[in-house]
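What follows is subunit A paired twice: with subunit B in the first complex and subunit C in the second.
So, the complex of A and B:
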């Protein structure tokens, strides 16, 4: 791509100083987001997806520390921006949608009040204008009778409507980038479909970039143009969505793709990624996937595999890419004999 | 009843009262399950899907009598278990209404006992009528006698695995207590050694190590905790297991492990699953047949293949189209439904789906569609089945 990235994250390290020890939640993560595109971040629970986006927005709690790396947004060094200015950027240029809308909506204020406040904080308009803008936004996100709903409290809305109200709030300032952290996980499929459709149409209308964080590979396949797969605080594979789904090169990505039941693919036994995710307090030396990887050998236990360009725009962090085909063959045979 | 039917649910109803005011007066009813009928064959897996709040959990809990149903009949293994958990008085009342009054009324109508039997449409009730007419008094007496024994038998035969593997396990009990408790209560073992051997055996079956026996639930990962839940259910050698979102809270890789485990256990023990889940890909993977619920009612019930290839109810069609397909080259064509799921306190008139249905006609708001067989083995509750195309 020859366009300039809107967001560039380089070798980001975010550590938490917990009572039990140091958690290297994000440990050397790099990615870019271009204007108007959707980047997907996938990975299992605890791999550092949320921490990555919270780091970029500088919303970490006091235990969390950005221990290294750089974040460049819109040409500015995010880590050097004073907090006061950062607050402005968060409402204006960067917005976030959370998994559970109740954490972002204040239960004691009407949704209208909250959206209007957000608009007034960031834009120079009168309160009447702000109210009209809020109602307009609620209509855009598909809330019926927005003139009435604007004066309702969060608990008076259904889950799907709350999620839409929160999207309205995040989008009311017309952000350049939207971090959507599991925006539909708590919702039903038919409501999820409404919300995804909405995000796509708003993206078209406003040209914003989206970072879609989820563990749902289906949602990623539908929305993302490029995808980063995270495992234990690191990106293990990074490619355009078709390449990633059709020709995964990292053993973890391959395992993930084959562990999910697919609607149009009948198989009796799902691929089993052996073992469990390692404890974040004591990640293994070398490749962090080595405790579960059928290919792990020698160097995998001592050195960290770098995220390297395997083919154009397809990045993989694995020492044994060339052995993957063999692994797939033997795993398939294993499956057959298990039957 | 065909010999291979394990569970038969007839007209199951469960309402929750909504109370308000100082006197806690009942001001409305949540019609969580509203006239649900279906049957499950021995050894098969029936998936139960539908949106949040449509009544899946309530149906499962009512079948297992963790809730007392408002009405309906639940037949397990050829026995009417509906009155087992009722008080003596209520049980008598149930039997009188379900059998005595029904059969006597039919006898008047059809004038002969043989005709009554002939006009009953299911095997279970045909047999019941035969037995009843042989000796009405004894028939009821015998059923009442079975009540208490039936209870413990039912508790052993029908088990549940819950969504949240943590809150459903007592945090203060060790794994061996959690898993072994049921076997002790149901007197499946004679002594401590036997119990220990049994626990060890079952832990191995679900893929846990015997060294785990003395640990507490919090020392396990989510997937391991779910295995403990499965071991606890399995030790009683149950016939029916209701899995309520049993893998929903688990990570993808762990979910695959548990699904594979359930599959192999089913084969080994000829288990029957009622598998409640909202992830349709998971349901498709594990089920033989699938029932789709909407607002307290089953709207479609058929084999998995029929349902996924040729859904007939517009809600099912929309639901299928909304599943995000993990294939970037083959994106789904979503049918976007308008509006939210309506409230079960005040369900819409006519077809409960009509306010969101893309093909609803005037008649849909007036007439309640019957849940009936449209094709062999394919039941649908819709006035215009198969009319909504993808």
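So, the complex of A and C:
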């Protein structure tokens, strides 16, 4: 991992000016994505993970504003690129797929038209060539009878097929990075597995980087190499996937891992993180997890814990890493003595 | 697509039978005596004591309703819609004589209505809550709340009585005379089109000048309505995921709006646009009265005030045809815009 990062996000702050007040949806997020790797961003709904990717692509709506930080993509300062040029980057170097394949495709145009449009925007090919490329792409994503499907409308395809078409569209220009915003959440489980497998094989073929945004830890375990855990607009833990699953160091991550049912577990009731995500209009002072954290004390309520390197390539934003260790240890002992 | 239109056309006779049945039962419910009145041209006919009963029997006015209905339907199909007191002619003939004027005004009004309303509505949505949007919303609010006769009179006062630019009426007197000459070919019964056919550009321009204020009056009302529908539909569509998808693949904002958003946003707009066509073809009593124009609105208003029920019934029948055809056109245009409707 000593290569140059393809995407480097530093201290990104994205705020929304809503009628109810200022929402600091993303507040100081930093991460890198290296060529060909998959970075997972996990977190609950509303933690700012989607907003992060929309910020990088500069696709925020009129209420959203990047209030600070920097985004460097392919050596370029994304925030300084004029909109004209940004349009050439979107869909070409950076692509995105969304959660709802039902609503992410335009209902009044055929899927072929929508893919061809993307190709024609970024590549100097004739419309016949673009059509051939679109059919080819549909075949690659595993859509049967692509010659026929290319002229069909989104509503004629099943959810899984639509997501495949969506992937075909986003990969049609061979992007360097793909933001996948909950690409499997709206699909049923067997289709989910197929789509993930497809994404992995296409990643191998095209060598692109993927930023996988999800709340599904199973997806992360399957796909990601490194993971950033977000909570209430901030990254709380950032590590490679094995470390994160084996040795979570932030109480929130630990809670998440503990909440996954394990096949050899005899527990009747799953662990759950007490409380709810705080209202984005009034995030608490200090560590934003302090309202739900079993270990929160003193400093946690006044100071923002910085994201610090705990071990090599393992970053944690918590003042009470040691206490967590102890808590885990005593819990294990408790479990053992119970047995 | 063709199958869709054919399916819709197959429904037409059923709808027409339904509509005529309702209309006819309205006539029939007046009772034989009232109906008889329209068959009698002078009081002489009722001089003998049993004349009324005799005539009722003669015209079959006391026959069972189904018998009368099919007789009436037969007459309607043959083109005999009864006698119009207002038109002093057959009802169908009176309608066909006046309808072209209404149609002409509708054609000229519809084009600016659609173009301007959609244009303003889209701007308003794209510039959401900015100055242009606020301005257009106030413009729409005024049009929405100002009654057409007030606005029409205001226009007449400014542009005719003060400035003398746009006169009321159909066409200037000297041209009206020219149109009565035997060398004048009447083809469409619409002044502007006939003027072009006869190669009289001066009459064409003159007729347009007479139409300017009625067009503006009608247009403002429909602008207000249609642009609000366009705006809200556009605002809704602009929030959709597929708009974000289009942006994410690098489609320039102009095309996102013009193509990806507008085509979707047009679906509810079409309904209202269709309603505006039907409304315009219905003739507008106030506009025709204020600007002294001959047309369907005034014909029907006169018929109503004179209790000229064959004209009223004829007008209702005529409008149900227009409504049916109008709705068919709306449905077909839906299907053209929205593939989900086309294929179901």
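By definition in this document, the second predicted complex is superposed on the first by the 321 of 339 C-alpha atoms of A that agree within 3 Å, B and C clash if a C-alpha of one lies under 4 Å from a C-alpha of the other, contacts with A are read in each partner's own complex, and residues count from 1 in each chain.
Just so it is clear, a residue touches a chain if its C-beta (ideal position, glycine included) is under 8 Å from a C-beta of that chain, and two chains touch if they have at least 3 such contacts.
Note that the structure is a prediction, hence the values are computed from the model and not measured.
Of the two partner chains, neither subunit B nor subunit C is touched by A:283. Of the two partner chains placed by the overlay, only subunit B lies in contact with A:194; subunit C stays clear of it. Within the superposed three-chain model, A:113 lies out of touch with both subunit B and subunit C [touch as defined at top]. By the touch criterion defined above, A:264 reaches subunit B but does not reach subunit C. Taken together, the two complexes place no residue of subunit A in contact with both subunit B and subunit C.
Within the complex formed with subunit A, the residues of subunit C that make contact are 128, 239-242, 244-252, 260, 263-264, 337-340, 343. The touching residues of subunit A, when paired with subunit B in their complex, are 44-45, 144, 158-161, 188-194, 196-197, 215-222, 224, 241-242, 245-246, 255-257, 259-264, 268-273, 276-277. Interface residues of subunit A, counted against subunit C in their complex, comprise 57, 59, 61-62, 87-92, 95-96, 98, 100, 103-110, 114, 117-118, 121-122, 153, 155-156, 166, 169-170.
Per the touch definition, subunit B reaches subunit A in the complex via residues 51-52, 221, 223, 251-257, 259-260, 263, 278, 280-282, 284-286, 308, 318-319, 321-332, 334-337, 339-341.
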